[in-house]
Every structure is written in structure tokens, then in C-alpha cells.
Amino acid sequence: MYFDSVNAALTMEGHGAFVWSAYVITFLVLAFMLVQPLLRGRRLARAIRAEQRRQAAELPAEGGGHAP
Amino acid sequence: MTQLLKLQDVGLERGVRQLFTGVQLEVAAGELWQLVGSNGSGKTSLLRAVAGLARLGVQGSITCCPSMLFQGHLPGLKSALTCRENLLWHASGGVAIPLSGIDHALAEVGLVGYEDTVLGQLSAGQQRRVGLARLWLSKASLWLLDEPFTAIDVDGSAMLEQQLLRHCQNGGAVVFTSHQPTAVAGLRVLDLNQYAA
Amino acid sequence: MTQLLKLQDVGLERGVRQLFTGVQLEVAAGELWQLVGSNGSGKTSLLRAVAGLARLGVQGSITCCPSMLFQGHLPGLKSALTCRENLLWHASGGVAIPLSGIDHALAEVGLVGYEDTVLGQLSAGQQRRVGLARLWLSKASLWLLDEPFTAIDVDGSAMLEQQLLRHCQNGGAVVFTSHQPTAVAGLRVLDLNQYAA
Amino acid sequence: MWAFIHKFGSPPWFFRFASTAVRWLLPVVIGALVFGAVWGLLYAPPDFRQGNSYRIIFIHVPSAVVALAGYYVMASAGLVSLVWKIKMADTAMRAVAPVGAALTFVALVTGAIWGKPTWGAWWVWDARITSMLILFFLYLGVIALFEAYDNKAAAAKACAVLSLVGTVNIPIIYKSVDWWYSLHQPASIKFTGETAIDASMLYPLLVMIAAFYGLFALLVLVNMRTELLATYRQSAWLRSELG
Amino acid sequence: MQPDLLKFLGFQAQRHLRGALRRPGDIVNPLVFFLMVVTLFPLGLGPDPDVLADLAPGIVWVVALLSSLLVSGRLFQSDFEDGTLEQLALAPHPLALSVLAEIASHWLLSGVVLALVSPVFALMLNMPGQAIPVLMASLLLGTLCLSLFGAIGAALTVGLRRGGVLLSLLIIPLTVPVLIFGTSAVREAVLGYDPGSWLALLGALSLVGLVVAPIAAAAGLRISLEA
Amino acid sequence: MQPDLLKFLGFQAQRHLRGALRRPGDIVNPLVFFLMVVTLFPLGLGPDPDVLADLAPGIVWVVALLSSLLVSGRLFQSDFEDGTLEQLALAPHPLALSVLAEIASHWLLSGVVLALVSPVFALMLNMPGQAIPVLMASLLLGTLCLSLFGAIGAALTVGLRRGGVLLSLLIIPLTVPVLIFGTSAVREAVLGYDPGSWLALLGALSLVGLVVAPIAAAAGLRISLEA
């Protein structure tokens, strides 16, 4: 480790605000780019599964409906 | 019987051509008029003059009731908006129409399921139908319709004829142009060719 | 008999809708086909696919002779040019047509005296007629016409029917759409509604 | 070879491939990013001229390098989609554009933040900065064009044409901006780059560059997988895949 | 009547805005466009920050002028071509009101957007911070004037095949005062003086435009429909 | 075949020119905009002749680029809307050729005209006389490039609602080299150096554009027809 203390690592001899904000912004942007499609994909997958289950439940029920 | 439209000795000049002269017409409530005439005889020009859109070159006197709906060759719809949005604005003249009324009108013209489709993605006839849905939303007494049957299929034409008749029975009046002979009870015909100058 | 167009098991998908499937059609020289179907059944889409303008979403195989004329819902005319100028460019595909030929075609569609009128100053039907004048100038063997009778008056429709028949007798073929029943000898009808998905 | 391309172009196969790849890449990429960032931020020695502000280089340069490479990936996908009409290439192209734009954005923002302590201004019109800004615009153009079409099949083709035209232009743009800058070069701006970089700084930088390439692949695959879920939600293969 | 008219105005504006909002691109794209155009100036004029700062008011104003005028020339074009204008002319409410709504929404989507992002340009062009509020205010008022005058020209020329030239030549000089007032306001602010009087002039011009333009444009549209 | 193609090209160009001459506004308006904007710069910068002369190449070129872009956005619009494009796509001659004709006539009516009147601007901005021929030459070549690239953008966006701004987004990044080569040529000439290499670069870029643009634009138009 180059820095002696947490405080030194945070301030970086006056450049801390720049360096840390650059890293924070970068990781926020990239995390958003990753999480947003992941969440959307999960939502889609859940919707597709639900639809599938609904149809699977419907088919026999429909057959039964015509039975009497 | 209330009189909704009166033309006295109306003539029309476009550019250097005198199209027709001496047209006399009285349209009373309950009457259904078809305006016929060959291409270029002046039907559209006459309807626009009646509506007050183009009075340059018009001779004679035109008295028209103010409660009037005009639907010309151009649909007046935006292809970027959905059917619903088009009607929401289009038919209203500033008065908000409930969405249920609009959906009902769209259903009447056979566009169930297309309410939220962007107009530009409809077929030619479907787009014309959206324009015609105004007729189910309008409170005007005199309807001026320029070739309302264009691009409409056989079923649609029957439905439209029904609506025109219904409007007349409810005390309105309709003047429309069409090149197809229309077989409707009580139809009156004004042939512009007879007045050609 | 030469075959000019062959559709094998053609289907069409627009957006998420499957419009029709399994259309089989063979058009031989000398045949006159009317394509019918309710609004939105896919007539225009089919004609555009045949012409090669829009092949996205088309299933099956389409074989079409290259010598083909397509006239869609849009006229393809410039309202700032005169009738003559429009045709001079329009019908030619790069081959200069003598002016006399153009004037002859304009006369055939009843536009004598309008040769030098700017298109925007013609009536709706007259503008359509300028577009139809192409049929008198074309050397293509297969004609694909989308609602050619729109806005044309009674005389004009008769004249147009004559021209379609003449083209077929001369060894060409025509596929056109129209919502009006057409009473022409030897007409064949393809109803797209029967193939609706 | 053809069989391979064919397999790659088949949505079911690709969906399976992407799902597996994402599962493996995700921990690896995140691990590498954290490792490289900690190394660069806390362990690497400071630059003798710029002090600690240079630590931004460990995200600035990787994002810039990968963003530039991303455009070529996108254009290649466009070429494949136009020439061989492979649907997955469309999906790939569509997925690369936002990722590339985000990386370019990161490069610009980190560069601007770096500029404040170094040059005393958030923004200067340096050749490389300007080129990067133009690359950002190129990405935005592709995204905007795609969004503007209703018909997404047509949209993909249009974007393919655009990105190909862009590829022809990128070298010309870069060269011309260089010339432009050397013509004007004002005295008040001095770019410090082009100095030999010490190994103690180079290794974390290389780690971060590799991590950013991995991140790029990961983001593109995640986007493509999601896109497939949306496009084929009605189809049987997807249902059996998920079921 | 008054609240009714207001409601109509809001309704019309809503129609335009909804058409535009249907695609987020319609909001974002102009922003990016302005950003790109501002980038062109350093490329043309050289990257010297001092020179750029000096020119910044002129640059931003040229961008505003060009984009506003060239876009507003087509303001009524599509309404004319698809028949919407006919329906507006026959609507129970005055045509001038519809025109006002159209201008307002056009302004919201171009002028206001431009004003809102102008601080970014100021930053990129090295403009001193104290001038930024003035830049924004001058752009807000100025683009409104430009839209209003542009609408008059657009209305008079919408249906014309020939003669469009003459009319736009008549309208364009009207926009010169807007430019002078706008750049002067920003320059004064950059130099540390009080730009109040220039802004007041811009405000007065907007007021005149707000009264004159809808009426003149409505009259122009009726003439265009007759032709 | 070759003379036939040439004839077709001339034929098409004639059609466009005739149509455009019916609407002189389309030619004159951009020129007037140009003139006005060039006038604005002295207003915005203060009339110091030396400063102006220094900036003149950049000013003229940026404004040329912007007006060219904003005009070429409509290149295929009316052909698309009235169905002419369908007919061109089905014509026996390659669509790329028709596109080339369209671009050529557009260039004749905008770029060439602009180049011809540019000496006026040079005088207004106090540009030294020896730079004027170079300014004209660079504008001639440069506006050709701009029209070519603009055509690609116009083709890709023609079927889209509100394509106007979008087109600029697509094209502005591609036009950066044109701007740089153009201003550099004129600057060198102003400073008394030889602008030959910059002009050659512009020429080379035009050649690349002449090959790429018609093909890319034709592909774009076919895509637009499909959508």
C-alpha cells in the first residue's frame, strides 16, 4: 500500500476529490449498464414463465369446460 | 323543416376557367344529398366554398348553418399519433371527449384492437376509417363529406351508408360526393355536370 | 402461355400480425386478376412484395417477370411540375418519350387542354388520371395496380377497364386491387380473406 | 467454419451460449475490475509530475481504448448482418451501441475530471479529446437511428449502413483532427502523454485494460440475451429453454 | 369564455407535445444536435480558449438562429399537407389560438431546450460563469421571438409554390434585432456590465410578437388555404 | 450502356433542376440565411477588421456546413412522400444512379451557388483578396462532400417522422474532416502559404464520397421503403 492512512488515501495530497469522483462515476455508469439489462431480462423471463404456466393451466381447464 | 344549407345561383371560377354557374340547392334537415359530376367538374371546390375554406372566385350566395362538419380529400390525421390520440384531438374542437366514446367510435368503424396503433402503420382503408370515426363523435348537424367511400371495403361502405342514414333520421343532413352510384332510400342527387359553364 | 408471375405458398407478417398464409397464384399472359379483401387484409403489402419493394416479413417464394409496372397508393407525381413534365420523366425510366406520345396518353385519359397545367392545380381525379396515363406509355408486360379506380369518375372507369382488357389481349397481364366489384369479361378474382391467418 | 457461423447465427444456440458465458464472465470481470482498481488506486506509486491525479489513468485509458475498439466490433456486426443476413448480428450491433457510448462517456468524464487539476480547465480542445467526443457522437447517432425506426428489422439494416459509413470515416476523422490540432496548438495547453510509462504503473493499467475488454464482452452478451428474451418471448424454443 | 380558451390552448399544446414525447428521441436529439454544432466552432476557429471565450456569445446565438429559423420554416407544412389545417380553420375556436399553441410547443421543444443546455456550451467554450444566467435568459426570450416571427413567415409561405422567397426575405430582417439584443446582452454580462436593458428589449420584442404573430400567422394560413 | 447511363443521369438531373426552379425559395433562402449569419458575426464580435479576417475562414465554413446540412435533410423527402421513390427503386436503371443525379442537382443549387457568392462574404469579413479563389474552390469541393454525406443521412431517415434533427446527428460527425480541410485550406491561403495539399485532400474526400455515398444512400432508401 502506498498510502499511510485511510485519510491520506482519501485526500491523495489534494487530488482525492478528482480521483475518487472519477472512479465513483465510472463504476456507477458501468454498474447501471450491467444491472439495467439484467433486471429487464429477469423481468422478461419471469413474465414468460408466468405466461407459460397460465397456458399450461388453461389447456386442461378448457378441455374440462367443454366436457359436461 | 329546418333549412341547413342554401345555395342561390352559385357559380365558381378557378383560375381562368368558369366551372359551373347557377347552382340552386336547398338542403333541409333529414335530407341526404349526393353530389355527382365528372372529374374536375368542381365538386370539391363547391364543398370547400360551402365550408368557408375557399371563397375566392365564388359567385352567388351561400348560406350555411354554422354547426357543420367538413371532411375533405385530405384526412387531417397525423401519422405519428395513434388512432386514439388522433381522434381525441381531432373530433373535439377543444372539448374533451371521454375515451370510452372514442373507443366506441373506433369499434363502429371496425378498428377494435388498433386503438393504440400508430396511424402510419395502418392500411390505406384503415386510415380512412379513422377519419370516418369522426362521424360517430360529431354533434354537427350538417355533414359535408368529400368522397367518404374512397378505399373503404364493401362491408365498410354498408356501415357508412347506415351511419349517414341514421344522421339524417336524427334531424341532420348530409351532402357527400361519390363517383359510385349509391343505392340508398331517399337519396337526392345534384349533378354538377348539368350546371357546367 | 407464358407465365408472368408465380406465388408459391406466400405468407406475410407485418409487425406482430400474420396477415395471410399459403397464397398460391399463377398469372399467365393475357390474364386479368382482381385482388380483393377487406381493409387491412394485406393487398397493398402483397403487391409491394411482388414488386420487390418490401420483402421483410414475406414467407414463401415469389417469381415475377422483370418487365413490370407498379402503381401504388401514392401517385409518384410532383405537384410542382406540369402534367407533361411529370409524364416525360415518370413513364420513361431514362428513355426519352416523344412529346406526341405523352400528349396522346394525356388525351386518352381525358386531359386535353391540361398538358401544361401544374399538377397541384388539378382536381383529385384529374391527378389520378395523370398517373394512369402511364398505362398508355408503358411497355411492361405485367401491371400491378393498387386501387387504380380511386377518385375516377364513371366514364373514366370504363375507359380504364378498356385499357386493362386491351393490355391483356396484347399478351400482357394485370393484377389490380379494387373494392368495387368489376364487371369485365374473363376477370379472375383472388380473395385474400380466404387466406387470412 | 460455415457450420460454426451458422450455429452462431441461430438464436437458440446463442441464447444458451450467452447465458453460460454471462454466468462465467460476471464474477471474473468484477473480480478483475476490483483487483485492478485497488492496485491502481492504493498500491501503485504516484507519478513524479502529476502526483496522485494520474491514478485516473487506470479507468480513463481502458475505457477510451475499449470504446474505440467497440465501434469496429459494431461495424463488423453490421457488415455481417448486411452481407450474410444473420439475425444475431443485428442483435449484436444493437447491443454494442449503448455499451460503446457508455464507455466513451466514461472516458470523456474521467478525462475532464483529470483535466481540472492538470490543465486547470474542465475542457480543452485537444486533438485526442476532440476525437473522442466525435466517437461519442458516432455512437449516439447509431442509437438515435435505431430508436427512430418502428420496424426493428429495418432499423438494424439502417444502422448497419450507417456504422459502415462511419468506419470508412473514422481513420480520416482521427487524422484530420490531429492535423487540425497541430496547425493551431495554442501555447497554453501541453499534453503530457507519450512519455515512457513505468512498469509499476503499466501492470495495473494492463490488468484494467483486460478487465475492461471483459466488461465490454459481458455487457454486450447481457444486452443480447435480454434482447433475445424480448424478441422471442412467444417462441417455443425460448420457453423450453427457460422452463 | 376565457377559461375555455385557456383549456383549448392547453389542449392543443398537449397534442403537439404528446406527438413529440411519444419518442424520447425528440427531446434528446435536439440536445445532442446543439452539442454537435457547438463542437464545430472550435474545429473551424481553432482551439484557443481565449478566442473561443470571446466568440462564445456570437457562436451560441448563431446556433440558436440557424436552427430556429430553418426549422420553423416548416412549422405548418405537415398540418397543411395532411389536412389538419383545414380542420383547425373550421374549428369553433379562433385559428390564432391554435397557431399560438403550435408556436408555443415548437418553442418548448427547441428554444427552451437550447436555453437549458446552454450552460454546457458556455463551459465548453470557456465562457465566464457570471454570464451563464444571462445567456440562458436571453436565449429563452430570443428563441421565443424567433419562433413567433418564423411562424408568420411559415404561415404566409406554406401553400406557395412561387413567391415564397419574397416573403421570407421580408421576415428575416425582423430577426436581426433579436440577434443584436441577444448577443449584446451576453457580451455585456461577459464584460461584467448590466445586461438588463438588452434583456428588457428582448422581452418587449417577445410581447409584441406574442400579440402580432398569432393573428398575422392565422391570417396567412387562411390565405394559404384559399390558394 | 455507358452513354445510356449518362443520358439517364442528365435526364434525372434535369427533372430535379426544373422542379427546384419552380420553387426559387428553396435556392434563395439558404443564401439569405448565410448572408445574415455572416453579417451577425461582426455584430457579435465587434468590428475589429483584424480579428474578423483571422476568423473569417472558420466562420464561412461552419456556416456553410450548417446550412448545407439543414437543407440536405429534405433531399429525398418529397420523393418519398409522393411515391416517386418507389418508381425510382423499380426503374430499370440502378437506384444509385438516380441518387447521384439527385445529389448532383442539389449540389448545383446549393453548394455551387454558395461558392459563387462567397466572395461577397469574404469581402464583408475583410478576407485578403488572394484567399478568395481558394475559398471558392474549397467551398465547391467541400459542399460536394457535404451533399454526398448529407444524402446518406437523408436516405436513412427519409421515412421517419421528425427526421430533421436526427439527420444532423448522423452526419455532423462524418463531416468533421471536410470542415477541417476546408478551413485549413483557406487559412493557409490567408497566411500566404500554399493551400494545395488541403484542396487535394478535399478532392480525395469528394472522390471517396462519390463512390460511397450513392451506394450507401441507395441502400438506405431501399431500407426506408421497406419500413
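Should a chain be cited, it is by its letter among A, B, C, D, E and F, assigned in written order, with residues numbered from 1 in that chain.
One rule holds for everything that comes next: contacts are C-beta pairs under 8 Å (C-beta built on N, C-alpha and C of every residue); 3 or more make two chains touch, one makes a residue touch a chain.
As the structure is a prediction and not an experimental result, all values here were calculated from the model.
Asks: Given the touch definition stated above, what is the smallest step count connecting chain A to chain E?
Replies: Between chain A and chain E, the shortest chain-hopping route counts 2.
Asks: Tell me the fewest steps from chain A to chain F, where a step is a jump to a chain it touches.
Replies: The least step count works out to 2.
Asks: Looking at CA centres, what chain is most distant from chain E?
Replies: C
Asks: Need the most distant chain from chain D, centre defined as the mean of C-alpha atoms.
Replies: Chain B.
Asks: Could you tell me which pair, C-D or B-E, is linked by more C-beta pairs in contact?
Replies: B-E
Asks: Could you tell me the distance, in whole angstrom, between the mean C-alpha positions of chain B and chain F?
Replies: Those two chain centres are 45 Å apart.
Asks: With centres defined as the mean C-alpha position, give me the chain E-chain F separation in Å.
Replies: Taking the average C-alpha coordinate of chain E and of chain F, the gap between them is 25 Å.
Asks: Roughly how many whole angstrom separate the Cα centroids of chain D and chain F?
Replies: Using C-alpha averages as centres, the distance is 32 Å.
Asks: Two-or-more-chain contact residues of chain A, please, as numbers and ranges.
Replies: none
Asks: Multi-chain contacts only, two chains or more: what residues does chain B have there?
Replies: Residue numbers touching two or more other chains: 73, 79-80, 120-121.
Asks: Give me the residues of chain E that touch two or more other chains.
Replies: Residue numbers touching two or more other chains: 23, 25, 29, 32, 36, 39, 43, 46, 81, 161.
Asks: Spell out the residues on chain E that touch chain F in their complex, using ranges where they run on.
Replies: Touch residues, chain E against chain F: 20, 23, 25-26, 29-30, 32-33, 36-37, 39-41, 43-46, 51, 54-55, 57-58, 61-62, 65-67, 69-71, 73-74, 81, 157, 160-165, 168-169, 172, 175-176, 179-180, 183, 187.
Asks: Which residues of chain F touch chain C once you look at their complex with the stated criterion?
Replies: Its residues touching chain C are 4, 7-8, 11-12, 15, 18-19, 22-23, 78, 81-84, 86-87, 89-93, 225-226.
Asks: If you look only at chain C, which of its residues touch chain D in the complex?
Replies: 15, 56-57
Asks: Chain F touches which residues of chain D in the complex?
Replies: Going by the criterion above, the answer is residues 82, 134, 137-138, 140-141, 144-145, 148-151, 154-155, 157-158, 161-162, 164-166, 168-169, 172-173, 175-177, 179-180, 183.
Asks: Mind pulling up the chain C residues that touch chain F in the complex?
Replies: Of all residues in chain C, those touching chain F are 51-56, 68, 70, 72-81, 85, 89-90, 92-94, 96, 118.
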